[in-house]
Amino acid sequence: MATKVNERVADAASRKNHDTPDNPLISSDKLKQLYSTMLRCRLLEERALNLKKQARFKGHYYSAVGQEAVAVGAGIDLRPEDTVAPSHRDFILNLIKGVPLTAMFSQLYGRSTSPDKGRSAPTHAGYASLNIITPASTIAAQACIGTGIAMVNQMKGNDNVVVAFHGEGATSLGFWHEAMNFAGVRNLPMVFVCQNNLWAESVSVKLQTKVEDMSIKAVAYGFPGITVDGNDVIAVYRVAQEAIVRARSGGGPTLIEAKTYRWYGHSEIDPAKYRATEELEDWKAKDPIAAMERYLTGKKLFSADWKQKITSEFQKELDAAIEIAEKASPPEPIEALDYVYSFDVRDRELNRKTYSPQF
Amino acid sequence: MATKVNERVADAASRKNHDTPDNPLISSDKLKQLYSTMLRCRLLEERALNLKKQARFKGHYYSAVGQEAVAVGAGIDLRPEDTVAPSHRDFILNLIKGVPLTAMFSQLYGRSTSPDKGRSAPTHAGYASLNIITPASTIAAQACIGTGIAMVNQMKGNDNVVVAFHGEGATSLGFWHEAMNFAGVRNLPMVFVCQNNLWAESVSVKLQTKVEDMSIKAVAYGFPGITVDGNDVIAVYRVAQEAIVRARSGGGPTLIEAKTYRWYGHSEIDPAKYRATEELEDWKAKDPIAAMERYLTGKKLFSADWKQKITSEFQKELDAAIEIAEKASPPEPIEALDYVYSFDVRDRELNRKTYSPQF
Amino acid sequence: MSITYLEAINTALREEMDRDPNVFILGEDVGVMGGAFGATKGLIERFGADRVIDSPLAEGIIVSASIGAAMAGMRPVAEIQFVDFITPAMDAITQQAAKLRYRSGGSQSCPLTIRICYGGGTGGGLYHSQTNTTWFAHEPGLMVVAPATASDAKGMLKASIRQDDPVLYFEHKKLYRLPAVKEDVPEGVDNLADLFHCAIRRPGEDVTLVTYGYMLQLALQAAEKVSEENGASVEVIDLRVLNPLDHETILESVSRTGRLCIVQEDHRTLGIGSEIAATVAERAFDCLDAPIVRVAAPDVPAIPAAETLEHFYMPNVDKIVDALHRVLQY
Amino acid sequence: MSITYLEAINTALREEMDRDPNVFILGEDVGVMGGAFGATKGLIERFGADRVIDSPLAEGIIVSASIGAAMAGMRPVAEIQFVDFITPAMDAITQQAAKLRYRSGGSQSCPLTIRICYGGGTGGGLYHSQTNTTWFAHEPGLMVVAPATASDAKGMLKASIRQDDPVLYFEHKKLYRLPAVKEDVPEGVDNLADLFHCAIRRPGEDVTLVTYGYMLQLALQAAEKVSEENGASVEVIDLRVLNPLDHETILESVSRTGRLCIVQEDHRTLGIGSEIAATVAERAFDCLDAPIVRVAAPDVPAIPAAETLEHFYMPNVDKIVDALHRVLQY
């Protein structure tokens, strides 16, 4: 059955940094890393949204501003060998997993230097060498594909895991159900992270499903489901570590529901008139970064200078990456014919007679 | 949470015909009707399988022999206005809901007199005027369509219900999940009857899903799920009545899991080598008809003569219906062009120039 | 009074819902938000949340539930937000809606309308630009229509809702607010448009140019250009209906012009142009004076996001003009 | 030693699994039962339940999981028991497998084989007889093959498993045990068949007859009959590959014969024959001496169960002979 971890970071602080038998001490460095990573994610997305406002790149931007604690808490300790199966809103997972900023911005700009060679829409970013699946827009698609990668990890007997990120709306799709059931019956080394931000575009979670906690849906598949405060990065981190460790050690999958909120519209063009301003204000008051700042302050781990240093250094990195992306050339038109098959259709188009690929 | 109704009919008898506060008396007539209907279903399907053995009709026969208590217990008190959404194995629902035997056998024989004009495969039988959806073979398809009919009953404010029948294998399909979630969030007047016969073709339920009781899957959708002994027709009847009454009165959907077993292979061509003979023997010992016979005997409601009378009368009805089906003519070849659209494509084929349907 | 393609859709829905209490809408974001593009704007306020239903994120059940509702006597209008995401409904559409009447020997049917947003050229990239009409134009039992004008957008949607068959109504997102297609649309609640025939949008003698949807705009410009350049007169046919196809109008036109050029936004292989070309090569062969030329997108999996790539992908006026010259000069 | 089409498939699977530990099988009833038709018989005993996996009843995840496994370096062979039930996998196949390489700029790919049982004429009725190849032949990024002989059944399956692309391998259920296609198949683990070209099964000069799958048997009989009746020599081309199409072989043949007849079991509208006809009408127009005739099933939703109806539906030798006469006498 689903249990709830709803410990507020404030109390957490008083509880000596979660130093309880079942929760081994989280090092001060890790605590600071959790904060600084969230901060970088926020800076990156605010910057990207700004560039979008200035129409510096085409397409829509699906930001996770306000939700950073989930991606950071669940993604921060993943290995390069671990697979991330992201959704449209998980661009920051690239940063968290260590993708170079130049790659990320060339992706937003649809440049020839982008890992996807300018094909995928902004924020639909993958990175092969770090095992981030280049996502389709199709909801839950990567979670489904992820089950196959987890199955191979299991077959090969390694201890790598697959972490799939998606929203609460994704739980309504049949694809998601098939993935969850398959993960359960095959006991796959996988973690499903459902970022319940209460809205699927304009559709309230109340119209999405009858149950209040998405985590309870795991009951149908015979593996643990847990609901966690998605704005409490430490809570997310603890819950995610538990799930990841269980998956690595053959304990099977876990569904984590992180209750959180997106500050902005579905994409930059969505004024989000469908939600009450109070709701937004309440959630902004629960800003995961500000909360962690208070928490670290309480533990004497925070200083304004430190934050300023992270900010200015990262802004410089962003400046550099953005300049490179701006300067990079778009793909050549004819490149639209590339990467259809393992063989070259351009060759096919241009000299049909000579065409005869090998295998 | 799923609860279990596993009362053996034996104790049931001693408990004065389920005469308990929460279970109003089931009349002796109803008890006898439950038995006689199961018996008729059994006689019909054994007869059909026999005709199949003699190759009197084409296509495969998916029999529910051994599972009769589920269809009978859940279907016996349905009104003509209630919709039945059957699967490939629910041919007997036609008998239970009152479809004439002549229609049923002309369907098996693929005659021009069949309600489907010889189009659908044997056992894939529907009947418009009794609101039985003509089924596709596609697993869970009718359950999905049924949600729309239930939605209309709800919109119109009538108290008709939709009862969808399917197997345990169906619960793995995404379609089924979308139907369950939709029924839950819209609080639809619907009952899902999952006939868990432990096998989906050759696939054991253990390879189908991690959970033992399919009924627990209802938890994910926020409505009741209940597991019942699918070979105890009284138990099924009571559970189904409760669910149907709840649905009629606006209480929303229910998932009933009836644990049962198919005596024969998936279809007549399946020797079912994948299952242990002991398993089959154990379940044959739990024959729902024999059990009910014992129960009625204990209540002095049964006599061999009565059974003989039902049998011989029904065999005569079967003889008559089969003779009519045998004599009926097959569809004219050209009829393959009929019922594609609301307008006539034959007319279209034959005089293209004049073609211009009205709306 | 002149309205946009999008307003025409919105008006058609409002009029039909006013007229018939059995008409209701089911889809993602159709209610509170009034649709991803505003096609259902104002309808939830007018008809309430019981007739303008925000569905869960599940295209399969959007269509399946609509099929059931149609069987039960309603006239559902389901919305698929982007055809790129119609795959979860593939079974409901091709195996259930398309086959129900047939498999039941005519005793059961589902008069249902599915509004489907499709088309590229807006920078939407791989998953917000697809066409995918072939999957359904290939399925007997389904009617597939694709209005190219504001008048058809209104008249064909109203006719679809009243048609006793499952109708897939493809609306091109680039037409929604295109000034060029703003026009006065026929007034009158019962003013319906035909759902069975092509329309000749520009009469001509020298070559027949067949297309549909947004491409009609480019085709008309190309026709104009060619006639200016070398006085050739191009007959432009708006397909309007992709299934069942109106062969007669096309065959009759080709029998006069002797030349055929087909323009489709879809990629080449097995786009609707293939069927038209095959039909003409079979039934009007002796009328043909030149090869049948198809202007289509290249055979790649989808429309890439980058502007340079998308521009390379999309058919345009110049490509059509070139093709017309080739056919005319043959 | 002479084996059936079904044994050829079974042998190919066994050989590839012996050769490469990364090859595994995933599908409904593929394990304990050895497949609905016995294609995987004996494999679970030989390779164990970890490499011959009985999946849950969910085509979507059968294909999605196979895609992921392929990305992770394996060579999965997914089985779809009946193409009639491939719809739950429509997204996985057309939106994921077909587009992964493209959307990732070539940095990610899924070399995966999907075995798909299709075809009618066995009395299977509406939901056990379908073809549905068009949905996938229309999708660039997918390879679609359909072997018509036992040798191809083996060689093309082995080649598909080794091909670095998603390959849909369509096997016709009527060919499985057909004595007419029993033959000695090439021995040798590395004896692969080509995945890119048509095969001329019977050389001829007067008319080109293009077909694939089970229909090849009928086409060859029809060709024989016609040559006996009036000495016309029919060139019979086995398509073998439905996507990407080998236009050259067909164009070359038509350039010699000047006449083209296409036979498909699929219904007429937008079957593979449409694309072939359109291509020839576009690129070999000046070689054509007669209309391009398609022999196809009528445009109805599926193959009805009753024998009379199924017989009316299916193309047969007589229908092909009639068509050939029409083309030849034109």
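We call the chains A, B, C and D, going by the order they appear; numbering starts again at 1 in every chain.
Criterion: a residue touches a chain if its C-beta (ideal position, glycine included) is under 8 Å from a C-beta of that chain, and two chains touch if they have at least 3 such contacts.
The model shown is predicted, which means the values in this text are computed figures rather than measured ones.
K.L.:
Looking at A-D and B-D, which pair shares more C-beta contacts?
P.N.:
A-D is joined by more C-beta pairs in contact.
K.L.:
Compare the CA centroid of subunit B with every other chain's and tell me the farthest one.
P.N.:
Relative to subunit B, the chain with the farthest C-alpha centre is A.
K.L.:
How many angstrom between the C-alpha centroids of subunit C and subunit B?
P.N.:
One centre to the other, that is 40 Å.
K.L.:
For subunit A and subunit C, what's the span in angstrom between their mean Cα positions?
P.N.:
Roughly 37 Å, centre to centre.
K.L.:
Which residues belonging to subunit C are in contact with no fewer than two other chains?
P.N.:
Expected reply: 55-56, 58, 60, 84, 87-88, 91, 95, 99, 102-103, 126-127, 140-141, 244, 299-301, 304.
K.L.:
Please set out, as single numbers or ranges, the residues of subunit B touching at least two other chains.
P.N.:
Counting only residues that touch two or more other chains, subunit B contributes 118-120, 124, 136, 138, 172-175, 178, 181, 185, 207-209, 340, 345.
K.L.:
In the complex, go through subunit C and note every residue touching subunit A.
P.N.:
28-29, 31-33, 36, 54-58, 60, 84-85, 87-88, 123-128, 298-301, 304-309, 311-313
K.L.:
Give every residue of subunit A touching subunit D within the complex, in rising order.
P.N.:
Going through subunit A, the ones touching subunit D are 114-120, 124, 126-128, 133-134, 136, 138, 141, 144-153, 155, 174-175, 178-179, 181-182, 185, 338-343, 345, 348, 352-353, 355-357, 359.
K.L.:
Note which residues of subunit A are touching subunit C in the complex, please.
P.N.:
So the residues of subunit A touching subunit C come out as 58-59, 110-111, 118-122, 124, 136-139, 169-170, 172-175, 200-204, 207-209, 273-274, 330-337, 340, 345, 349.
K.L.:
For subunit C, which residues are in contact with subunit D within the complex?
P.N.:
84, 87-88, 90-91, 94-95, 98-99, 102-103, 126-127, 134-135, 137-141, 243-245, 267, 269-275, 277-278, 280-283, 285-286, 288, 290-294, 299-302, 304
K.L.:
Where on subunit A is subunit B touching in the complex?
P.N.:
Residue list for subunit A touching subunit B: 171-178, 181, 184-185, 187, 207-211, 216-217, 219-223.
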